[in-house]
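Going by the order they are written in, the chains are A, B, C and D; count residues from 1 in each one.
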Amino acid sequence: MASAPSKLYADDVSLLVVLLDTNPFFWSSSPLPFSKFISHVLAFLNTTLRLHQLNQVVVIATGYNCCDYIYDSSSATNQSSGTGMMPAFCSNLLEKLDKFVTRDEQLEKGGQEGGIASSLLSGSLSMALCYIQRIFRSGPLHPHPRILCLHGSPDGPEQYVAIMNAIFSAQRSMVPIDSCYIGAQNSAFLQQASYITGGVYLKPQILDGLFQYLSTVYATDLHSRGSLQLPKSVGVDFRASCFCHKRTIDMGYICSVCLSIFCMHHKKCSTCGSVFGQAQSDVASTSNKRKTPDT
Amino acid sequence: MPQVRIIARNFMDMVAALPAMKLDHLYQNAFICEAILRSLPPLAKKYVIQMCYIEETIPSKSLEEWVLPDGLSKHRVAIDRLLQLRIFSESFDRSTGTSYRLNPTFQENLQKLITYGAVLPREPMPSSVTARLPSLQELENYAMQKWECFLLQLINSAQAEKMTNISPSMMRIFQRGLLTQRDKEAPRLTESGFQFLLMDTNAQLWYIIREYISNSEEIGVDPADLISFMLELSFHETGQAYNMNTLDEIQRSTIKDLADLGLVKLQQGRKESWFIPTKLATNLSVSLTDSSSRKEGYVMVETNFRLYAYSTSKLHSEILRLFSRVEYQLPNLLVGAITKESLYNAFENGITSEQIISFLQQNAHPRIAERTPSVPENVMDQIRLWETDLNRIEMTPAHFYDEFPSRDVFEAACDFARESGGLLWEDSKKMRLVVNTEVHLQMREHLRRQK
Amino acid sequence: MASGQVVKKAIYKTSIKDPGSPGILKMSGDRLTFRPKDPNPAAELDVNFETIKGYKNTKEGSGKPAWLNLTNDQGRSYIFQFDGGYADMHICRDFVGKAIAKSGETTKAAPAKPDVIITPDEQINREELELRIKLLREDSELQKLHKQLVIGGVLTEAEFWATRKKLLERESSKKQKQRMGFKSAMISDIKPATDGRTNKVTFSLTPEIILQIFAEKPAVHQAFLSFVPSKMTEKDFWTKYFKAEYLHSTKNAIAAAAEAAEDEELAIFLKHDDILAKEARQKIRRVDPTVNMEADQGDDYLHLPDHGIFRDDGKEVSEPQYELYRRTLAHDLNRHAAVVLEGKSVEVELEDTKTVAEALARSKQAELANADSDANADQEQLQRVSRMTEIEDLQAPRDPPLALLCIKDPRDYFDSQQVNAVKILGEDAMGTAKRKSAANPRDAFGSLRKCISEVKSVGLRDPVVSSKDAFQVFNALTRDISRTKYDVGRNSQDSALDMLPNIAKEQLLHHWASIQELLRHFWSSYPITTSYLYAKVTRLKDAMSQIYTQLEEIKKSVPANHKQQVSVLVRQMHQALDSAFQHYDADQQKRSAKSSQRPNGYV
Amino acid sequence: MNNGDGKRLNGEAEEEDEDDLDGEGREAWERTYTDERSWESLQEDESGLLCPVDDKILHHAQYRRRLRSLSSTTTASRIQKGLIRYLYIVIDLSKAAAEMDFKPSRMAVVAKHVEAFVREFFDQNPLSQISLVTIKDGVAHCLTDLGGSPESHVKALMGKLESSGDSSLQNALDLVHGYLTQIPSYGHREVLILYSALSTCDPGDIMHTIQKCKNAKIRCSVIGLSAEIFICKHICQETGGLYSIALDESHFKELILEHAPPPPAIAEFAIASLIKMGFPQRAAENVISICVCHKEAKGGGYTCPRCKARVCELPAECRICGLTLVSSPHLARSYHHLFPIMPFEDVAPTQHKLPKTCFGCQQSLLSSGSRTTLSVTCPKCRRCFCFDCDIYIHESLHNCPGCESLRHSKSVNTAEA
């Protein structure tokens, strides 16, 4: 009421949720050392906060065994004065991060198979979306949220469904998912995520210039995106590939029960084990003979 | 409409207005850089950021590459703003056309800001010295109440009470524009004064500060210094205590004045005295755009012209009184009605219907704020209508003639009046007519001649 | 081909059972004649197409012999079985079709387009023809198509229209096929229109209402059948009826009795409807035994204060002799409800009372007939009733069992994406080869933590990026942007067609349309199950192959500045056609491979 | 008259409200409040100040919703769903639909929410199709043919909003039955009847029609706007559909949205079968071609892999060769129906070992002041969530942040999945 805190909102006030990949197995093999990486990122976060005193930054660590919030500018206290060595918030962010990594290590059971294991992107993504929903709930005036995935680990197949769900949910609530992928080969997950939610997918070529990428592309607030041309995410090929031979197909058979894809006709669905009636192909054609396209 | 609006928009225009020398001087201060950065339009911000580490000049073409066709206007605005603030320096050469580069001092400060964060010239005082500091909430209330009481001063002074505890320097500021004090009689609010009351807090704040600065300019204080000080102040952390000794003479006096407005809270310890910046102070460097500036509202207007205000503040009730008739006042609810009369005296005070409506909309209670329109159409229309009513009737000084000796005299008079284009009204039965004043004299002449 | 004549050897049957008599069927101009081999006057035939109303024919591949069944306006039918099999049959059928159409047009002097030939295969009726003609007249494009394909003999009329059922339906849907149920409004609500001065009242009757009256008041129905027109004219039948109704509405039983006394027809309307009573008794027998039908004084709430129905108020004369003449709303309601529920069973178009009455009578007979015939159906209905009237709390939840699902491994779902998503980005092979991660968990985590603490102690690197890198990156991005922009800028959102000169556009669209049409038929006729389909496909194929050349011509004809676009468009069409041909050839090979042992590709 | 004794005036004010209420002829401004009678929930704090109405009501609403989602998911733990649905929405436009008990009128309300529903439906079932049917004057009309684009349906419906005559369930069912028997066997055949009338005037015995539908495996559901009717209930029981009566607009909305997620597949009906589908590639922007949908030569669009025809958007059925064209995300959209998440369990606010904040959104779970904020926990990962997250997770996100962000729980997950 009378003593209500007066909040001001400009069109470009934004909530930036950063998903930080802290998968140790990736970093230990990455060309860009984590220390460099993090300092780029911190600098970027700092600028974002500086751009508007209402800008809000939330950082979620995407660990190998767990995910957790490691920074939230809205809850954090002293922001203004720094120790002089680095912006104030950085120090307590790093503090949290350190704790997080330790916890992550404790959870480690070992026995991770060859190759770089994936980190729990689906988890952090889901958390980010929950947080953003909370912002939406906070009332008619809220910062414009967007998600930025700073990711390097390869995709984890077992997360696919979860991540897809998250992506669609984000799309529904019109939250763009930007993704900056610093791993070796491109990430199918993030490409789809950015493509579907209208975010930007980039794979920086010059890793030392990471900050420049961040500040040039990802710093753009949603309001300005209306008037700027950002790098178009590469058109993702939406052809599927079959479960049976894993080859890309442009025509295939779908199991009506579990929607798994096959390149040829099977008697029985290998995924859900249901046995098929007669081949649908002729049913289809006869059906569309009946079903008549109006010209 | 009201000039007040235009000037009160943003504090930064003022900075922009400063001469080149001064600007460059200002940019020495990291805080000003940040404040300026915040105040920029979104696109401009982005440009600055992305050029923050680039020392080469960037051809304008490569910037435009990024702009979508319908973003062009925004783009230009941004660039102009940057040039105006001398953050971009323009250079031209044959091959690449015009190209920009970031103002070196600005750039340097920005980089510092990014890597090291901003460092205040003065440390907050250790809690050992300052016994107990007011909590943020208390502080906020303090600021609010301070600010309100200052506004009340304005209103009350209009209601012919004598100004209390406002320093003369502040008083002088009100003299500029808000109040008119004719000799002898009590100071009363000017039109802009009334409009001022209906503005939202930040607009008011900026207005006052601007006035304050330009005022102090007359005393011979360098506005640049003031500005930089105030901006700096806005970055002090609210609720922390800062030692007065860290301030120089001028700053100290300024702080005192600002304390009157509730931007800072002064406290006296055993030996040192210190100031505690409040929320108002931090708002100084806030960038503001139209969609922005929202307080939690408290007013509900119903289609039957009733108006409920859930508020405890005296100020609110006073402001509402400006244009509505208050019917009940509960401890935290005020029930009023918008009536023709109440509006009329608002209009007389030079408040426009638009201001009233926008006020009602800006302060709409959250319950109805999400409805559109938050103020019922019929009320809005009626308010506008009543305003136009005022402009409908026009007065012309005139003279009334009757008791003509004879009809033909009357006829003649009418004709004469008609010829001289001064006939306003005639009643041939009762033999009366009304002519406007210009014609009056000739008319008299004419009638004399008749005799 | 519309005129000329057809002569075929065929067997003429009068009915399906009839072995029939072999002979020569000759169709020419406007009549068809049949000469049996062995002189048999009964089998002699000479029919004018005027009289032929429609016809059926056995479906190809249905296994039945090739029969063509013509029906004339008396509902009599001539069946011909063709020795030449379906080929002959089709020819004749088409001929007949055209003939009918022609005669139809001539009789109906409708300015039909001369080139419209109607050769339907299933039962075909006049208004459908009308419809088609109408459609063609309205839609010039359709007409062009029709001219080209049907008259060009690529498609048969039937095939052409088969794909346009929707269109036809939409047209015909204006006059709807569904029958309406009885209005839930009661007839007794038809209030007489009184003109103030005289006490003469006028009721307005529609066949609708009449039907309802008959349905609800069997007695009246009876009476109508028996009296009109033998004893009285329809008009004064109704006047009597409404007089009675009026008396009822006055609730004056005595008056009613009096009236009834002097006029026995009137009495019929006034007395209770005994037919109803009978039916009621039957019904009671049917009612679910669990329902308690016993009613005693205690159940009669009608006489309790402030009970009963408003419309029955007024002086309740309870003298027994008048009882006969009282009718409560309850009766009406029940009866009405009953009728509405059992629904309308009269198909006839309601035009005049007589027919209505008869139709109703007929249906009544039918009902009675099967009523006593299927007592068992009656029985099962009884069960249903009892089940329905069961108290639901006592019913077991009758949700059917649900199909269970077990997904073995959700990973598959991902693989269906990842593979190509990675591929299309032209990954270098070694990129995809998984790099062995350096260390065991401990070292990995250790190094990570070291990095963090390092940053913590040292702080951020200054400058974060070297000016050189920054500049380089920025330029790279800008270049990237300008490239994408160029691409986007190239395609204008408006249809490229509009830029073409009109003639070219016309031609293109026309060809495109016809290609679409052909392709649609082509694809829809796969897989080829019958020789008929096979023939059709081949026909289509030939037709399509001709189009190629035409397309080429278009390409030449257009002015140079549009060549590029047009050629692009044309290429698309080519592709479409090519794909069709590929499919055709592939199918051919399969079928030849399969049918090497069999004489020809299909059964 | 202004500032006097607060209490007394306070009383006055409330009386004022009272007679405003009782006044029979309601003023416009009164009517705006009659729906939510805000003053009834007015509260005074100890010092007699009017304190803002707290949103208990809202919380209850959420709670109801939550329970609903629970009941729907508990059964759906691991069963097949009708992922490919052919749904006929039958809208009753008999004169009963003009009733004003829903503001402004039943049909207006129905239309409004049908629009919302159609969009939601296609969002959840990208591979499915809808068609609209209206009942009027005792006859059913097919308003739109089965199709996959929400816009066309919505437009058609909005055009056709006038009511008259009786309504006939039988005619409607017959019509729909006629259409539905034509669709391929793998499709789940459904009818959703939005029924305003209290009676049905049928040309024949509706029981037969119902049997017909049952045999044709058509799942009929009814949402009534007036009162429960035996025959509707019967239809739903017979065909395994849902029957529900809307109390008010918001309730109606909830009810209709319940039909958006795919229904569980009934064992005897469920026929697994392979459906031939095409995964067209998006054509390059500069390759123009005439599209089958609107006969315009445009760049972009998708080319049918079988017959090379060009369609503008997916999912669609190729007009030429009848091949169903989809993109892999469309399939992915339906996956969450295959892997539903467990409903969360309540946590008694008394438990002390509760974490302070919601695992999802970091909102504080500590009971604030008088109201105790309820929280729930995931049975698998034992994380606590706030109410809003619970709803969001179950209704939109479809995966549990807790489980997703734990490696070993995940391995469990896949094992039993």
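Basically, a contact is a pair of C-beta atoms (placed from the backbone, for glycine too) under 8 Å apart; a residue touches a chain by one contact, two chains touch by 3 or more.
Given the structure is predicted, the values throughout are model-derived calculations rather than measurements.
Undergrad: Indicate, using Cα centroids, the chain positioned nearest the centre of all protein chains shown.
TA: The chain sitting closest to the overall C-alpha centre is D.
Undergrad: Taking contacts as defined above, which has more of them, A-B or A-C?
TA: Higher contact count goes to A-C.
Undergrad: What whole-Å value do you get for the distance between chain A and chain B if each is reduced to the mean of its CA atoms?
TA: Chain A and chain B have C-alpha centres separated by 44 Å.
Undergrad: Quick one: chain A and chain C, Cα centre-to-centre, how many Å?
TA: About 49 Å separates the centre of chain A from that of chain C.
Undergrad: From the mean C-alpha coordinate of chain B to that of chain C, what's the distance rounded to whole Å?
TA: 70
Undergrad: Which residues does chain B have that touch at least 2 chains other than itself?
TA: 50, 53, 65-66, 114-116, 310, 332
Undergrad: By the touch rule stated above, which residues of chain A touch at least two different other chains?
TA: 1, 43, 85-87, 90, 158-159, 161, 192, 211-212, 216, 229-230, 237, 239-240, 257-258, 261, 272, 281, 285, 288-289, 293-294
Undergrad: On chain C, where are the residues touching two or more other chains?
TA: 166, 403, 405-407, 409-411, 413, 416-417, 459-461, 464-466, 470, 474, 481, 485, 516, 520, 523-524
Undergrad: Show me the residue ranges of chain D that touch chain A in the complex, using the header's touch definition.
TA: On the chain D side, the touching residues are 52, 80, 83-84, 123, 145-146, 182-186, 265, 270-282, 305-306, 317, 319-324, 327-329, 331-336, 338-339, 358-363, 388-389, 392-393, 396-401, 404-408, 410-411, 413-414.
Undergrad: Considering the complex alone, what residue numbers of chain D touch chain C?
TA: Going through chain D, the ones touching chain C are 75, 78-81, 137-142, 145, 166, 168, 170-171, 174-175, 199-205, 207, 230, 234, 237, 240, 264-270, 285-290, 292, 295-300, 306-310, 319-322, 328, 331-332, 335, 338-339, 414, 417.
Undergrad: Which of the residues in chain A end up touching chain B in this complex?
TA: Touching chain B from chain A are residues 1-12, 43, 46-47, 50-53, 78, 80-88, 90, 139-141, 211-212, 215-216, 219-221, 223-224, 226-230.
Undergrad: Which of the residues in chain A come into contact with chain D in the complex?
TA: The touching residues are 1, 63-69, 72, 75, 107, 109, 120, 122-127, 129-131, 133-134, 137, 158-159, 161-162, 164-166, 168-169, 172-173, 192, 196, 235, 237-240, 249-259, 261-262, 265-266, 269, 272, 274-281, 283-285, 287-291, 293-294.
Undergrad: Given the complex with chain D, which residues does chain C contribute to the contact?
TA: 166, 173, 176, 178-184, 340, 342-345, 384, 388, 398-407, 409-411, 413, 416-417, 487-488, 490-491, 493, 495-497, 508-509, 512, 516, 519-520, 523-524, 565, 568-569, 572, 575-576, 578-580, 583
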